[in-house]
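Each in structure tokens, the structures are laid out below.
Paired with chain B in one complex and with chain C in the other, chain A is shared by the two complexes that follow.
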Partner chain A sequence: MKGTLGRAFATPWIWSFVGALAVWLAAVFFTGGYGAGGMLTAALSLAVFTVVVGVGQMFVITLGPGNVDLSLPANIGLASAVAMTVMAGDDGRILLGLAAALACGLAIGAANYLLIWALRIPPIIATLSASFVIQSIDISYGRGLQIKPPPGFADFTNIQVLGIPILAVLTVLFTVGAGLALQRTIFGRSVLAIGQNMRAARLAGIRVNRVRFATYALSGTLGGIDGALLAGYFRGANVDIGNEYLLASIAVVVIGGTSVAGGKANVPGLWGAALFLVLLLTMLNTFGVSAGVRLVLTGLIIVAVITAAGGAEAAR
Partner chain B sequence: MTSGIRILAVCAIGSAMFAGSAFADTSGKKIAFSNNYAGNSWRQAMLKSYDIVTKKAVADKVVASADVFTTADKDVPTQAAQIQNLILQGYDAIVINASSPDALNGAVKQACDAGIVVVSFDGIVTEPCAYRVVVDFKAMGTQEVTEMAKFQPKGGNLLEIRGLAGTSIDDAIHAGILEGVKAHPEFKIVSSVTGDWDQTTAQKAVATVLPSLPDVIGVVDQGGDGYGAAQAFAAAGKPRPTIIMGNRQDELQWWKEQKAKDGYKTWSASIAPGVSTLAFWVAQQVLDGNKTIPHDLLVPYLAFTQDNFETELPNIPNGGVASHEYTQAEAIAAIKANMK
Partner chain C sequence: MSASGVAAKEVSRVLGRGSTPRLLRALLPALSLALVLLAISYLNPRAISYFGFTLMLNLAVPIALATIAQMFVIAGNDLDLSIGAFVGFVGCVTATWLRETPLLGTLVLLGCIATYAGLGALIYLRNLPSIVVTLGMSFVWQGLAILLLPKPGGKAPGWLLATMSFKPPLIPFPILAAAVIAALAYVGLMRTSYGAILRGSGGNAVAIGRAGWSLLKAKMVLFACTGVFGVLSGLALIGITTSADANIGNGYTLLSIAGVILGGGEFVGGRVSPIGAVIGALTLALAASPLLTFMHIPPDWQVAANGATLIVVLAARVLISRKEAER
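Now for the complex of A and B:
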């Protein structure tokens, strides 16, 4: 690769946006231009939920090899039930419900790190086993029933201005904040430093355990708020509501150009990757391929995008 | 003609036929229920129905005990190990909602060889020695299109929402719908998406495909996905189509609201979670020495129409699903209906 174009494509996150644009154009081409705007609106509405948990997962993965939060799906499920139960269908209790979801997520994140730190369990095992416990609590707490959100909250998650969901705008602002926190705050720089070399970070005076604790707590909290938002948008909490975010939260981090080895994070790429995943589903649904073919193609295309991004990096 | 009425009619005949049949022989028998998942409203209703019927059966000394064992996940090895434990614990019959149609066959065969009666339902097992209680899903799919033709006599474009790919249930309902569309050529399925019987998945799938579709006048689906579809149409600002419902409380509640607003008409059908209780009675009947029971039992689905869904609505817990618990007489009638 040469020249300006080469340099642009050497930025790892550009590939996620290129991918998103490509699948969108393919879908629009297929319909002859019909529904192009509607597809983008739907993609923005759905990408929000992946981006929110993606930010949490990105911070965790940036901590370095072995760090990952596998408890997010169970966390989202429980938080959605807690938020909807506390709101109890009453518009006056929306803030209380959101606070409960945040607290629930925070507690799960803290418990995750307690397992990792106190019992010295690798994060992958700790968060996975925590998710079984959380899911069991959720099943006995919610009895598998769908709990409805208050009408005001449900409407809020679906307000659109000129086809742009307000929730997406708020999430863009949030990711800008997350980007600043990563690059411009002591916490963010510490996360990056730990990911690059934990020992060096410790010797440099970074309180490693405290930063790691805060990172897992942050991921848990974002899972909690995501659960509440999902329950609002999909009109009801349920145990399985977060299932797809196990793969999706990790996929957007990786496709978005964050290094799986840690120490290098990328916030804009999360958006590109989340939009790419939703638009990929849009494209395949528009083409009308069967469920089996769709799963195979999704896997292959994700591999292709990651390889393209990795290849560009190597060329640099 | 609704299946609810059909169940009642069949029951009336059945109870007349079997009135006075003795069943004291099973009072010492122990029946276990091996269940592989409890995390959604359908499974919760299934367990609740089972609990109501078996508690009464134990109290009435029809059977000695009826215990429920649920494994944490939809995991095949866990359930296979669980079945082996149940064999060792000396149960006389095992009612099973299986995590896989064929992967549990080894464990099921072991149970049969140990002289244990195995009755599967919902998630059935293909092992020939086991009994299978199967709902007539194909008829349900066909009936969806027949009902749709009543609400949309002019025909038009349909959107199909399919269930979990690779399951026999998804294939059967889909085949029924295709058959229905063949009989009603005024309808055309313009798109088919996967909703996994889950509101969230369905809403997401419909939301992604909707912008590219021409006007859709009806949605044919598999239950648990109707409410999500309604939300997706509303979010996209598209006109509300006739959406076939699946007996969930939120679906019927939404239907009621739409009906109150402008007389919205549709139809609702699904497998009743209480079919677990039918499986229980089948096990009890086999233990009772009834050797003529066929190993494959086809039972009707549970349906609600414009006229009777509002009566049922208060009986369904918030966020739950409509159920129907079989009495012993109803179960005998359902078995009898399969012996013709």
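Now for the complex of A and C:
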């Protein structure tokens, strides 16, 4: 294991942390050092939501080409509404609301795979059709829903110890678990094997359908829990609350060093990429640019980063 | 040119070989459109008239153009998640620069098409996932649109308004336009030898490359075609709505993908159908709004209707394919 450190620096995901550091330094330099810590705290709080769905999306993308979960934004929107309705602003019902959001996400994930399996259609189309339907359910169910999260839950999603959000600490633990699950459990190894070669995996005796089902269910569940947490953090559910997580979830996976061709995943890179994206927005905000310029720059930087990171793949 | 001749012959041979499930599969898009039309005529017979179609299918023209745009990218095994934002940006350019300073407007629109060709080159040369690149680009187009037109407004050029409100005798304009679009894309992609190369670059890139064709050029041409039809879609949209808004095209990304798939396109292997795609776009345009209105279903469920249409048609396709496999 002598070469581990050297290999770590050769992997593309290390650059996501370097990028995050660079944009943070640029922002701090611009403000003259003012609010440097606050920026990090805010970035950690917001990165959590991207990392949670990013983990789900990463497992799905690792299944191989064409596997992607486009239903996450709709899923997050619906789960946020379900969680807030079930909690009904009552501290005693927090766990019940979380369970409802989990169940909602799990059901969506299961429905996604049911479509993929029964109709034998590409996952992109299956999750897309599902997201149309989910979006409508959410619009119809969540219209004018103005239920505040229970005070205890809202506080929990905002709590900080020494400037570090508790939610971020929990999410770090969760990602460590996800990393172990990916590399050290039969499920994770099966996902990687299917991504490398589905036929070989099937011939090797892996129950491909069962593993794929579990992966989509996992992605859906994480979308559900993310919806509940977002509703707590932003103090209310919203149909559009998950919209930005379509690009964000895919972008953090790819920038984080997971192969789009499948079979190769990277968990630490998710954090680097999520922090990079959030700090990028923070930096552009401190520069005081208009919404249009911010969008253009975000898009261009994402394309530039993908172009730079995609080099290793092209050389193969 | 012998390689292209062989490829074209191969295509016509495959197309010519007709077994029943295969034929059924090819007719599926038309059957679903007929079904939706039947339902509409049952619910509201008066809608099946010259004016009924002109009204119901008005917005189908830009959708059909966006669907054809998406089809070119899908033919090359890619996906364009930025087409909606792009149509929106084109719309904003049309309602401002193209009317006030036509030369600048034209140059910008041509630049957009060149940008698309450049994206194709970038995606090919660096072997990038098109989903992520185009998602990033959707932010760029959206941002540019907001910079150009921060508030909804602007005005369509007079010639564009005149074109879109053209009332041909007997056949309603949207149907005529859809037929022209379908014919144009069909001839270009399915009936020319270079069209076969373009589809081949999606079906078997290695083979096309070995035969001496430039895959880089094929990818650039496919993306440029997407740009061209995206621009046309934006123009048509503004010709109908008369003014623009930065978010005006946002729904088109998903609609265009759904239209291509409904029309019999596949995600891999360069299997697309231009005529089917246009029919798919018409089906979606009819099923999403007029049909629901006639059935007294609230507009909340419009998006769901698109999803449900997609699921039902794909389910039918699976049944047919299963029959095909049994033979």
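Basically, the second predicted complex is superposed on the first by the 298 of 316 C-alpha atoms of A that agree within 3 Å, B and C clash if a C-alpha of one lies under 4 Å from a C-alpha of the other, contacts with A are read in each partner's own complex, and residues count from 1 in each chain.
Everything below uses one rule, namely that a residue touches a chain if its C-beta (ideal position, glycine included) is under 8 Å from a C-beta of that chain, and two chains touch if they have at least 3 such contacts.
Keep in mind that this is a model prediction, so the values were computed, not measured.
In the three-chain model built by superposing on chain A, chain B clashes with chain C.
Of the two partner chains, chain C is the only one touched by A:Leu119; chain B is not. In the superposed pair of complexes, A:Leu46 makes contact with chain B only, with no contact to chain C. By the touch criterion stated above, A:Gly177 is placed in contact with neither chain B nor chain C.
In the superposed model, A:Gly35 lies in contact with chain B only, and not with chain C. Within the superposed three-chain model, A:Val260 lies in touch with chain C and out of touch with chain B [touch as defined at top].
In the superposition on chain A, A:Ala291 makes contact with both chain B and chain C. By the touch criterion defined above, A:Leu246 reaches chain C but does not reach chain B.
Residue contacts after overlaying the shared chain place A:Val303 against chain C, while chain B stays out of touching range. When the two structures are aligned on the shared chain, A:Ser131 is found in touch with chain C, with no touch to chain B. Only one of the stretches 1-9, 37-45 or 55-63 in chain C has C-alpha atoms clashing with chain B after the fit on chain A, and that stretch is 55-63. Within chain A, the residues touched by chain B in the first complex and by chain C in the second are 132, 135-136, 139, 143, 290-292, 294-295. Residue ranges on chain A touching chain C, taken from their complex, read 66, 68, 115, 118-122, 124-125, 128-133, 135-137, 139-140, 143, 246-247, 250-251, 254, 260, 290-300, 302-303, 306-307, 310-311, 313-314. Those residues of chain C that touch chain A in the complex are listed here as 79, 122, 125-129, 131-133, 135-147, 150, 254, 257-258, 261, 267-268, 298, 300-308, 310-311, 314-315, 317-318, 321. In the complex of the two chains, the chain A residues touching chain B come out as 27, 30-31, 34-39, 41-43, 45-46, 132, 135-136, 138-139, 143-148, 158, 230, 234-236, 238-241, 244, 278, 281-282, 285-286, 288, 290-292, 294-295. Every residue of chain B that touches chain A in the complex is listed here, in rising order: 38-44, 72-73, 162, 165-166, 191-194, 198-201, 203-205, 207-213, 227-228, 231, 235-236, 248-250, 317-320.
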